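In the two assemblies presented below, chain A is common to both, partnered first by chain B and then by chain C.
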Partner chain A sequence: MSASHNHPAPAPLGGPLVTPTTKLLAALVAIALVILLVRFIFGIGAVTNINDGYTWGIWVVYDVVIGSAFACGGYSVALLVYIFNKGEYHPMVRPALLASLFGYTLAGVGVIFDLGRYWNFWHIFWPGYAQPNSVMFEVALCISAYIIVMWLEFSPAFLEKFGKQDVKKKLNKLLFFIIALGALLPSMHQSSLGSLLVVFGYQVHPLWQSILLPLFYLMTAITIGFAVVIFEACLSSSGFKRPLEMHLLGKLSKVMLGMLAVYLALRVVDLVLRGAIGSMFSISIEALMFWIEMGLFIAPLVILSKPATRRNPSKLFIAACCLMAAGFILRINSYLVGYETGPGWHYFPSVPEIMVSIGMIALEILGYIVLVRYLPILPGSNNSAIATNK
Partner chain B sequence: MSISRRDFLKGALAGGTLLAAGTSAEARENLTMPSEALGLLYDSTLCIGCKACVSACKEVNDMPPEFSDTEQLWDTPTDISGKTLNVIKVYQDGNSATKDSEKDGFAFMKVSCLHCVDPSCVSACPVSAMTKDPVTGIVGYNKDACIGCRYCVAACPFGVPRFQYDKALPQISKCQLCKHRIADGKYAACAEVCPTGATLYGKVKDLQTEAQRRLALKPGDYAVFPRGNINTHDQSSHTAKAAKYLPQIYGEKELGGTQMLKLSAVPFEKLGMPKLPERSYAATSETMQHTLYGNALALPLAVLGVLTYVAKRNVNDDDEK
Partner chain C sequence: MSENNIENDESIVALEKRLGISRRSFMQFCAAMAATMGLPNDAVAAIAKAVATKKRPSVIWLHFQECTGCTESLLRAEHPTLEKLILDVISLDYHETLFAAAGHQAEAARRSAMKANKGKYILVVEGAIPTKDNGIYCKIGGQTAIEMLKECAADAAAVIAIGSCASWGGMPSTPPNPTGSVSAGEILGKVIPNIPGCPPNPYNFLSTVVHFLTFGKLPEVDAIGRPKFAYSRLIHENCERRAHFDAGRFAMEFGDEGHRKGYCLYKLGCKGPETYANCPAILFGDVGNASWPVGTGHPCIGCTEKGVAFTKPIHELAVLKTISPPVGLPRIIEEQGVGVTLGAAVLTAAVAGAAFGAGKKMAENLGKNVKLDEGHDERTPS
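Our next item is the complex of A and B:
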């Protein structure tokens, strides 16, 4: 990422690393580690509520499926800046990429906790074992590749810090290809996270089982990516007492609005064509959750449709939260609420199970705080001029 | 700086062409049954619920007992699990007086792997730990390949593969049709010990013929039922009254067929066997995957080409400024 468009160069934020916030986050990480120790000694069942009817709990559905979607900020902004050539969003690339880097790396690490026979993990990458017809194979390969690509995409921040200008220059020559890979790989695996469900057949409720699941998962991952960028910009501006880049966020929300409208249209057409429209009016937990999901997608569409609200930080923040929640519920619905393997099976995550997921989130936030204070990530000091320059 | 209308149209056109190129991949049809496929015929009307098959299965597969009562004196599994590959479940209605009656009756159902012709678990497994034998069609599991992702557990439409949640070093457990006994000239223990021939072992094509013969029997007439292995006739046959069968062989068409065939007098859905389409879910899923990633990754590589071109132009723009 070369500095460009007269944006201020990214600079380390500085400031203290040991604060009440970072101490709390570290404590949450420590709790998760203790629980994981129990899991590795006594088995997954000792700390989670997963069972043969719901063999994938929140360690898969939240940590990986939702976690990686929430980590799409870097992907969405990179698409906008480098593929659609919207250079004005350039200052958002590094902070978004950092959050993505953490989200994805931890999703990748989180998989290990959930794998029953984790010591065989390398089999996925080994020609004698790899099974390319499996959607899981595609997801695993592609997420792993993207984690590597993202570290490369992000490495200029480290190289600047350690004064390796010559390496950075060489890397910059190849950057266009790394960026292209960084745009392709998430498109592949974010869609595949939806494709995973297709083989489940009748076990996924008709409100969610569709051959268009890959497209729905991809489109919502991109919109979630934009929403997360807005969400993080709002939080980091209040947390680090920095001015908000409203002119960019407002425009970004307009892009989000367009994607959202197309998604909702496709979603409804698909339900009609598959004859599933009736199930949304039945009295069932599935129908209720479907309406909550759709409501959360429609609300930001309404909120963002007025230009005035797109310039209002609090409204923008609410719309972003709705969209993140919508993507969250869509994934929970299709993997858990709408997933039924037969009578007698129930699943709700156990407290230790939830604590591990919380520990992962804590680790992400902790890492983000440490790195933005230490590395050149957020736009440099003259950014206050930008904030007022509408 | 913004993308021009012309560039956008060019991009859209390229995208459309790519999609068309991708979708030209051929649909993946259902897989077909190997000609020497081995399987079981389970006749619910002959089953007396003695559970000799459950006990024999435990013994030959070296599985631990499982308790569902407080005394814990003997093996009492209520479902298949990480410790149990085969159980007999019972359906009950009203006063449970009449065998094989949907109303005020009861009926049995064997729960174990159906050895699908086109198994979801094999299609789902990312590391070839679940395999379908090209000759016998037995769906086998190799724990040494398995990574424990449990995609097979989640994908199986019959809920068959199970996982050992209580072990530090767990594995998947599922019936493998006693394939480890074939070398010794033996066959599935459940069929070997079945006293009434309710579970019968053999080549699927012969089991199919036998199933059709039973459906043609006149209800109430005495008929002869083979026991054990239908191909070797290793056991004497069993004579019983023919039941009032439903005119359906479960497993003949479901998801492209299974190598375990089932007969019953009570609707299969009541016995926990779901109604399923003829097209396998594996075929649907793999058609989708091959459309997107088939022809040596044609579609992703083409997209990568376009993205690389666009990114190079835009990054160069960056440098000029």
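Our next item is the complex of A and C:
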């Protein structure tokens, strides 16, 4: 598909692997590993603040729910390229997919940290243990399957590196099926992450509890996916001194904007129809957090409303950041702030919990830096591209 | 000498006449003593011979800060003739509760017994000793407890502390310990054999004395002076409810289904897992099966153990010295979470601030330094 558009072929970036940035990231990862060692020796209560009222802390809400939403870049771009046949975005697929691969793989690993009896994790894959009516089962199975699918989807990058052209050829014949799965699976579990909250019932505050939550989660996951692609493009162009693909990002932002507008309209209509609109004017932490969330969703809409600002990289970057923050706060709000199991229960992440999440983010960035330098992921510069194409 | 032969020994026959008890009861007593100490079968004969023939050791029994429960439990031992036997095994020359004499007469008896058996008598201490304000909170015949104990201990062949008060301070030493009470060992500045318990099992005391009588020395003791035959195992190890503990079946409150079914009392605060004593093995009161606190459905309060009894609340969870129950089982009081801590709030604010700062810097940088690929020569999609 990429050949028909004559894009520069992806090429390894090269360059040093040991820099002050990578050293700092490695130190943060090391801190997280030490804390995780304590967690696996002394149990989950030794390092986290989670309790019987809040059985999920940020290791699930950030590392899995938010982490997988931030990892939707690959999904969103794949949707555009393969489902809506917008081949022009093809150069973005590999970098987006890499970030998604990291996000999802670490989300899967993050679940292990959070499972009290992690040694039973394999039960998900064993039909005898399956409870097909469970939303959680759907999420767990679907995310696990998607991680495998993504590694397959991404494998051409490895195969190119290691010169396994014949394997790549065989894989290419099957790739359409894997890509189709890659577009289907996130649609399933990203919406199911919202369904998980629907089954919590009245324990979730009326500002967030809605039968439309699966749709909201799916729509925000896709818009966040686009935002993440813009965010990463800006970061890598700045960090690796590469030109920024404004022509693509500008168009992408327009798609993102349309999706966002539909989401916001649905969100407000839903609040009105459910009669929950009054809750947002109460004096409470929930109402405050709701306004922060909505503010962050509306900001990109305002910033990017004029075509001129969509061509301004710094404005585009700010809008993408706002949208990512909005998706972040929406998930924090509905899973933790607006979640109440009864009087007396409290949760706020402990310092070790936060340090582990920071370590996960550091590991993602570190892995991204190492792999784009080592594997053919980012579009090569025009000169080298011509050289390799000919 | 076998058990059968000794039954017809003339000294036993004499003892039978003297005390008016059957030979069978006497041999049972000797067998019980040997069994309590974990001694082999032929020790029974040695014990019987020793009890029947040896000169009874003089015993001086001091009472300080206590409730006389130790003496009571010894006298209420339910073998019908036991108290006679006790009084026959030992020559109790001074005992405030049991004395007919009073005042100066009693003190004179003590002094004469000490003089007559110098270096040979056994001193038994019951009760803690107050030390605050020079020990004025416990005085007998004008002497403080400290003075009396030191005087009596000077020429004793052995000093034995009976009960938790004399062994480690017991109930009188419960914080805030207003009289500054301490154990007999602390006053004497050495580890002395002690039989803690509130009250202690009378057989543990009698066995210790009989051991002294039979073998001329006190039984082997642990680092804090407790006879090993009685205090080397945790109650938890021999508890009849232990299987319920291992299976995770707990009584959660008095009278609930688990309690009625005799489940483990750990979650009601049973201190068995941190208390060393032989209660589940030899029971109390000679009335048979289940006649000990846990057997009757009440959690052990750890009465033999310093820092447990009279210090920890009765229903506080015990420290598990050997194994922990599976963590998957529910706790009595589930922690409800600590909420936001200063460290976590600062860290969250720092992360948010760093993210905001980095984003702002990045946005400025993008506006100035980054080359844009506007795609003017872009190949339009075919």
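Just so it is clear, the second predicted complex is superposed on the first by the 378 of 390 C-alpha atoms of A that agree within 3 Å, B and C clash if a C-alpha of one lies under 4 Å from a C-alpha of the other, contacts with A are read in each partner's own complex, and residues count from 1 in each chain.
Going forward, a residue touches a chain if its C-beta (ideal position, glycine included) is under 8 Å from a C-beta of that chain, and two chains touch if they have at least 3 such contacts.
These numbers were taken from a predicted model, which means no experiment stands behind them.
K.L.:
Put chain B and chain C onto chain A via the superposition and say whether they clash or fit.
P.N.:
Chain B/chain C on chain A - steric clash.
K.L.:
Which holds for A:F42: it touches chain B only (first), chain C only (second), both, or neither?
P.N.:
So A:F42 only meets chain B here.
K.L.:
Report for A:Y374: first if it touches chain B alone, second if chain C alone, otherwise both or neither.
P.N.:
In the superposition, A:Y374 touches no partner, neither chain B nor chain C.
K.L.:
Does the superposition put A:Y82 against chain B (first), chain C (second), both, or neither?
P.N.:
In the superposition, A:Y82 contacts chain B only.
K.L.:
Between chain B and chain C, pick out the one touching the greater number of residues of chain A.
P.N.:
Higher number of touched chain A residues: B.
K.L.:
What is the contact status of A:S314 with respect to chain B (first) and chain C (second): first, second, both, or neither?
P.N.:
second
K.L.:
According to the stated criteria, A:D52 is in contact with first (chain B), second (chain C), both, or neither; which is it?
P.N.:
both
K.L.:
Does the superposition put A:F158 against chain B (first), chain C (second), both, or neither?
P.N.:
neither
K.L.:
Touching A:S238, do we find chain B (first), chain C (second), both, or neither?
P.N.:
second
K.L.:
After superposing on chain A, which stretch of chain B overlaps chain C: 37-45, 73-81 or 199-207?
P.N.:
73-81
K.L.:
So chain A touches chain B in one structure and chain C in the other; where do those two contact lists coincide?
P.N.:
After superposing on chain A, chain A residues 4-6, 43, 50-53, 86-88, 116-117 contact both chain B and chain C.
K.L.:
Which chain A residues qualify as touching chain C in the complex?
P.N.:
That would be residues 4-6, 43, 49-54, 86-88, 116-117, 234-235, 237-238, 242-248, 311-315, 317-318, 321, 344-351, 354-355, 358 of chain A.
K.L.:
Under the touch definition given earlier, write down the residues of chain B that touch chain A in their complex.
P.N.:
Residues of chain B touching chain A: 1-3, 81, 120, 123-129, 143-151, 153-155, 157, 159, 162-172, 255, 272, 274, 276, 281-282, 284-286, 288-289, 292-293, 300, 303-304, 307-308, 310-319, 321.
K.L.:
Mind pulling up the chain A residues that touch chain B in the complex?
P.N.:
These residues of chain A touch chain B: 2, 4-6, 40-46, 48, 50-53, 55-56, 81-88, 90, 114-118, 120-121, 123-124, 128-138, 140, 175-177, 179-181, 183-184, 187-188, 191, 195-196, 198-203, 211, 214, 339, 341-342.
K.L.:
What does chain C use to touch chain A in their complex?
P.N.:
Chain C reaches chain A through residues 327-328, 334-341, 343-345, 347-348, 351, 359, 362-367, 369-375, 378-379, 381-382.
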